[in-house]
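Shared between the two complexes below is chain A, which has chain B as its partner in the first and chain C in the second.
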Partner chain A sequence: MNRISQLQLFAVMLCGHAFSLMTFFPYTFDNPSEYMIGVLISTFIEIFLAVPAVIIYKRFEGRDPCSLAGDSSRALKITAGIFYTFVFFYFAYRVTGNFVYFLDSVLSGYFPRALVVVSVCATAVYLGLMKPSVIGKTSGIMLALFALFTVLVIGSSFSSTGSGFLSFHLASENISHGIGEAVKCELLRNLDMLFLLFFLPKLKGSPVRVSALYLGVKLIMVELSVGFVTVMLGDFAMISKLPFSSMASYSTSSMIERFDAAFMAVWVILAIVRLGAVFHCSSDCIQAVIPKADRTVSVVISAAIPAAAAVYKLTNYEWESTAYDMNGWLITVTALLFVPLMISAFVLLRERRSADVRGA
Partner chain B sequence: MSEVRKRAVRVGQLGRKYVLLILAAALVLASFSDDHNIDSRLLVHAMGIDETENGYNVTFQVFRSTGSGSDIPIDISMSNVQLIKVQAKTVTEAVEKCSSKLGREAFLGHLQVVCFGNGTDYSDPEELFSFAIKDKSVYLGVDICQAENKAEDIIMKEIKRGTMSSENLVKALKENSQKGRTVECTLLTFLSCIDSPKYTAMPVISISEQGKGDNKEPVIDITGTALISEGKTLPQRLNGEQAYGLTLLKGDAQKFTSVIEKDGRECDVRFENATTKRSLKLENGRLYYCADIDLTAALSLDIKKHSGITERELEDHISRITLESWKLSEENGCDAVGVWKYLRQRYPKLYLENREDLTLIIKSVSPRITVSCEIE
Partner chain C sequence: MEKNDISLSLQETLSDLSKMLSDTAELNITSAVICGTPIAAVSVEGMVSTEQLGELVLRPLSELSASKTKPEKHLLDHLTENMFLTADRQKIYSLDSAAEFLFSGFAVLFAQGRCYGCALGLQGFEKRPVTAAESEPTLMCSQESFTEAVRVNMSLVRRRLKSKKLKMELLKAGERSDTDICLMYMTDRAPSDIVKRIKDELSHLELDTVLTVGSFQPFIDDSYPSSVFSAIAVSERPDLICSRLNEGRVCVMIDGVPFAMIVPSLFAENFSTMDDYSSKPYYSAFIRWIRYLSFFLSVAFPGLYVALADFHPEVFTLKLLLNLSVAEEATPYPLVAEVIMLMIFFEIMREAGLRLPKSVGSAVSIVGGLIIGDAAVKSGIVSAPLLIVVGITATASFVTPPVEQPVAVLRLVFILAGGCAGLYGLAVCFAVLTANICAMNDFSVSYMSPAAPLDASGLKDVIYRKTYREYESSHTKLSDIREGTHE
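Our next item is the complex of A and B:
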């Protein structure tokens, strides 16, 4: 079986989050300080979300939740497979829709949205059919490019920040509500932790290091990025679509101030990498439900159904409410914490019963 | 390799070929979209926006190459612009009308300067700049300025120096802001405060004809710095020195050459390397804006030897111009210095209590300015 290294999996997960970060900032809160505090709190919560992956790795030799559920019963395996398939469909639906919607805001309706969906999904399907290590290596390259461009823009813009640090404040009518909303937003934008569960069987080594690295680097990345974008753009950071490409305008270098195109290129490929990883994992879930399903067909179905749903909403110009709707955070918590723990509990119960029967 | 495995590899390879075919087909089909070659675009370089009773009069400077032969596509002795004037209810509608008039789609990615007419209402920047917010191709560093009277008078003037007419406007604005004669105001200056109180300062520009007879040429002049408070332009303006004082108070001052009178002689002094430590303090129920300004002054050797200007005199000069700048802006309700941001950060409760009427509290803030000047 082709395996993915810890660093590669870390790159896959972080690329996904970098895409969300570059796309927009959720404006369910009054000011960026609330969002930054919310991100810090949500990172602590996400430590608990990584626990089931660690338990499965230590106790059950690193299986994914669907195949682990099969140890309990076939019905549980199918149920788990269907549940996670829909979670990945939701994940792919959001990423595809956000990509097309925000791309449209840059290249204002020059081409049909449906065809953008087909193009990006077809490319991501191709990536999804590759081995996990290929997805990992592609993510590593894109992460390096993202880091390079971000450092270049921040480095060349730092001297012109001036009084931008005054944009950090806690002058809000209801700070706790704002922070609560920020926690929910960040949890929803963190569905990438699902890759930890589904690449587990193919992972070389322990998921502890991957999750620790991911959570630590993600926290720093988000806080620094939100911080700099806020310093440079002020209020505009919250309403700007693709704030990273706007950040380049603050640069003191005439070359870097038009780096928005470079950011767009990185953003597009980050979307493809994220979708490719989603389709790869989703096809595993479909094959858990229908074992005889062909790999290629599973990956294409993983792409086609969310894409069709996204196209429907996009062509009816209803996507904006979906993009800014952050109520799906419960899906993240359920899929990462409750369901894997439940499956583990069922498997342990079955093992105990079998042991009792053998003992008897 | 077993038969099953061989079959699986073949299916995988075929599957990838199908996916590549779909991708190629999608890319080809995606080309069946609106054609937007450069020939079918209007490259807008400058806009003038004048508010009227019925909406806006918007003047566009659009690039049009005026080549003087097949070897010279652009003749730099000409202005290379086409001027279009449009009336509409909103600026976005004006952009659409401009496209319709010339039969080509307006492309704002090359927009360099936007000039507003005197008396424009800036209280709703989201509506005023919706043409820029919605169009991601608009560069956020576009220079914003105000005309002495009508923006149309500025934009309609064709200046034949440089490759394009609008270049001259941009150069004049940048040169004057770098020399401290005015402040820099860009699109981002407005958008970064879109949900916040509307206070800003912007350069005021005019164009006059200078020269004799047929050799008259339009010359750009920065006549002052306008102060905007809650979207309205104040009647008071800052002159060159006062604009430098404002930049010192804001902490983003660059170089500035001032003329100081000493014993009946006019002496040039160049101020540079200015740093300002700023804070807002609440003492005994009163707010104080504290600015500690450090800068160096360069005098020419002869003047230094003969004029006897002291560092104390230079410090007094700087204190005077900063206080004048404060009086004209803050005490008249234009918080161009940005005191409200300090209030929001340091005293959030006080800010929230007075959010609806910040201008009143801004006017009550007293300055505490200390200047330390070192002669090079």
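Our next item is the complex of A and C:
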């Protein structure tokens, strides 16, 4: 019950990415084609980001980075714990803020933003308090729901594509710059790979399979979705908020056209799953720093601090710049690649020293 | 070792027994001197069959008295060792055991000069006959249902499942009620840790009485306090119990309760009936999906209506929207208040129909459904479309009786959520509910199995009904869906 299966972890990660996908497409480039190429390149880079998880799994019997750091020294464990806590805070801050900001486009008149933050965070805290397998099972069901709705909207919109294929063009002032920006954006939006590292100790199976499945399906999902939205909406795809809802409202099926709000509901559910997983992992990091910290308290802290920061930014109407700011990609690379590799190196060094001392 | 407190003196034994039972009025003591030995047959009024007592015990004793040959042994030794009397016969050495047997429908023989008694199974208490299942009726399956007598229920199961692997254990629970509890399982399929856990819980049960399934359920259902659903199903159908036993479940029956508990059960099982296995798979699959839809409607339809009408009116076509708008304009209360009012009224009617005698129950539905409903619309308190929504919801809720309790509460939660925040509120509620159900993992069996965790083979039986040829090749077993070790 405490362990998460390969498929469940895959579902958690894909739900997180599906939320990003349904929220908005980053419009820092001139056309969707640049973004699609960027996604392809970023997926190849992400293969390398999965390497530390595989190394930890094979060499250190699947430990999370914080507890692995503890093998080297207590100081390193605390440092790693603090680092990853802040990474997860940043992750939660972005998800919460984006969620509330983009929800405005469908629910603005009725609900104060602070109340939306409280309600969504409270629900995610409930999920975050659950065992990994529960988060995995919930994600699996939500992913099935997302897949069903995606098939529905794509199927119903297919006939209205017309000459939309002309929207795939590479008319751009600086293609390489555009693609580079797309790679960075996609890397930032792929913070979900952190779940691979932090659910590693509880994983029933191999991280190699999970990451391969995730990266493969994610690539297909993003490319297909961006492709369809582009065909439907043209260059407008890149500036549309909640592109799936927009796509639904363009559907030729009067049923799907009217039910674009249902896509909002699916998007809300995906946000809750993603936040729940973030809070769960974040509380693990807090417990690595403060071992005596209660699980409930650490999950609540994981939700409260990023939510408070997001509310502050949102109430000051400064979120749009944060939402579309994609400079945080370095955090993804550091948290997924450099820090785990450094921790592994420290631990290996210590093991070698101990072996030398024993040999002497 | 049992304490021997039966006296050699018959008078003293009878007096001690009577005193121990607080001189209860229902104690019948028939004394006589047979072949020179004073002997007494003790029974409890209404618990033994007087006909059997006379025919099987008193008559042979009288014949023995009348015959000229006197038994070589002591009379009680002779009776217990050389005569059949009844099929169920046990020697007892304490008054406590005597009381236990007496209250279970045995007659007990005591004799002068012997410090033991002989309990004879002559149960003849009044019990309800085996009747058709009322809460789980079927069209093409067995019409028998359990009764209050646990031994009758055991025979109903045994008749259908003659396997040598089926084990029935009789245990006691309830410090004062001393209720018979029957534990049933297939020795080769039921996980031993589940059986052990139930036995442990039963042996540590400190309740005075065990009179309903609900009194034992919380002790074995880990998710009892944290979920609206229950991982322990209850059924009054012997055929269903046999089917579950064959899958490796453990069933618990309580004497005096015409239902058996199935440990553990799955969410998907709430939507299947025994009739599904009598019809062709295509029809079973169709009717199963109707049940899934009914469950969805009974939980979410009123909430969805409120959410869409209040927050997302663009969903409705213009004609329908105008009709709804006109109907709602005429009513004095907000839509959400109207729906809650009607749903609570529906629950009142349902409860009234349930508690009243059947003959009056139908009158309640006529008064409630037709007269009050019609008057409420005509007087403008509620709108006519809303009455349709509530009517559909109520009808849908009758399709899935096993989940009617959680559904009644969840429906109100969904209405409130839909009324407060539209589809956003419903989505939040749905996420919480899904997480809550997914967290149910009693006895290492996920309540959402085989959907989560995904078991493709098991899922076939949820999406459609497998054919018997498929069952032939792979029987559904509990061990297939159990997750690792029990945590």
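The working rule: the second predicted complex is superposed on the first by the 358 of 360 C-alpha atoms of A that agree within 3 Å, B and C clash if a C-alpha of one lies under 4 Å from a C-alpha of the other, contacts with A are read in each partner's own complex, and residues count from 1 in each chain.
Here, a contact is a pair of C-beta atoms (placed from the backbone, for glycine too) under 8 Å apart; a residue touches a chain by one contact, two chains touch by 3 or more.
Bear in mind the structure is a predicted one, so any value in this text is a computation, not a measurement.
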item	value
Clash or fit, chain B versus chain C on superposed chain A	fit
Partner chain in contact with A:168 - chain B first, chain C second, else both or neither	first
Partner chain in contact with A:332 - chain B first, chain C second, else both or neither	neither
Which of chain B and chain C A:137 touches, first, second, both or neither	second
Which of chain B and chain C A:126 touches, first, second, both or neither	both
A:2 touches, of chain B and chain C: first, second, both or neither?	second
First (chain B), second (chain C), both or neither touched by A:273	second
Touched partner set for A:111, first chain B, second chain C, both or neither	both
First, second, both or neither for A:43, with chain B first and chain C second	neither
Partner chain in contact with A:20 - chain B first, chain C second, else both or neither	neither
Minimal inter-chain CA distance - chain C and chain B, angstrom	5
Intersection of the chain A residues that touch chain B with those that touch chain C	106-107, 110-111, 116, 119, 123, 126, 258
Chain B residues within the chain A interface of the complex	11-12, 14-16, 18-20, 22-23, 26-27, 29-30, 33-34, 36, 133-137, 139-141, 188, 191-196, 250-252, 278, 338, 341-342, 344-345, 348, 351-352
Complex contact set, residues of chain A against chain C	1-3, 5, 7-8, 103, 106-107, 110-111, 116, 119-120, 123, 126-127, 130-131, 133-138, 140-142, 254, 258-259, 261-262, 264-266, 268-269, 272-273, 276
Contacting residues of chain A [partner chain B, same complex]	105-112, 115-116, 118-119, 122-123, 125-126, 129, 162-163, 166-173, 233-236, 238-239, 241-242, 245-246, 249-250, 257-258, 294-297, 300
Interface residues, chain C side, partner chain A - complex	308, 311-312, 314-317, 421-424, 426-428, 430-432, 434-435, 438-439, 441, 444, 446, 448, 451-454, 483-484, 487
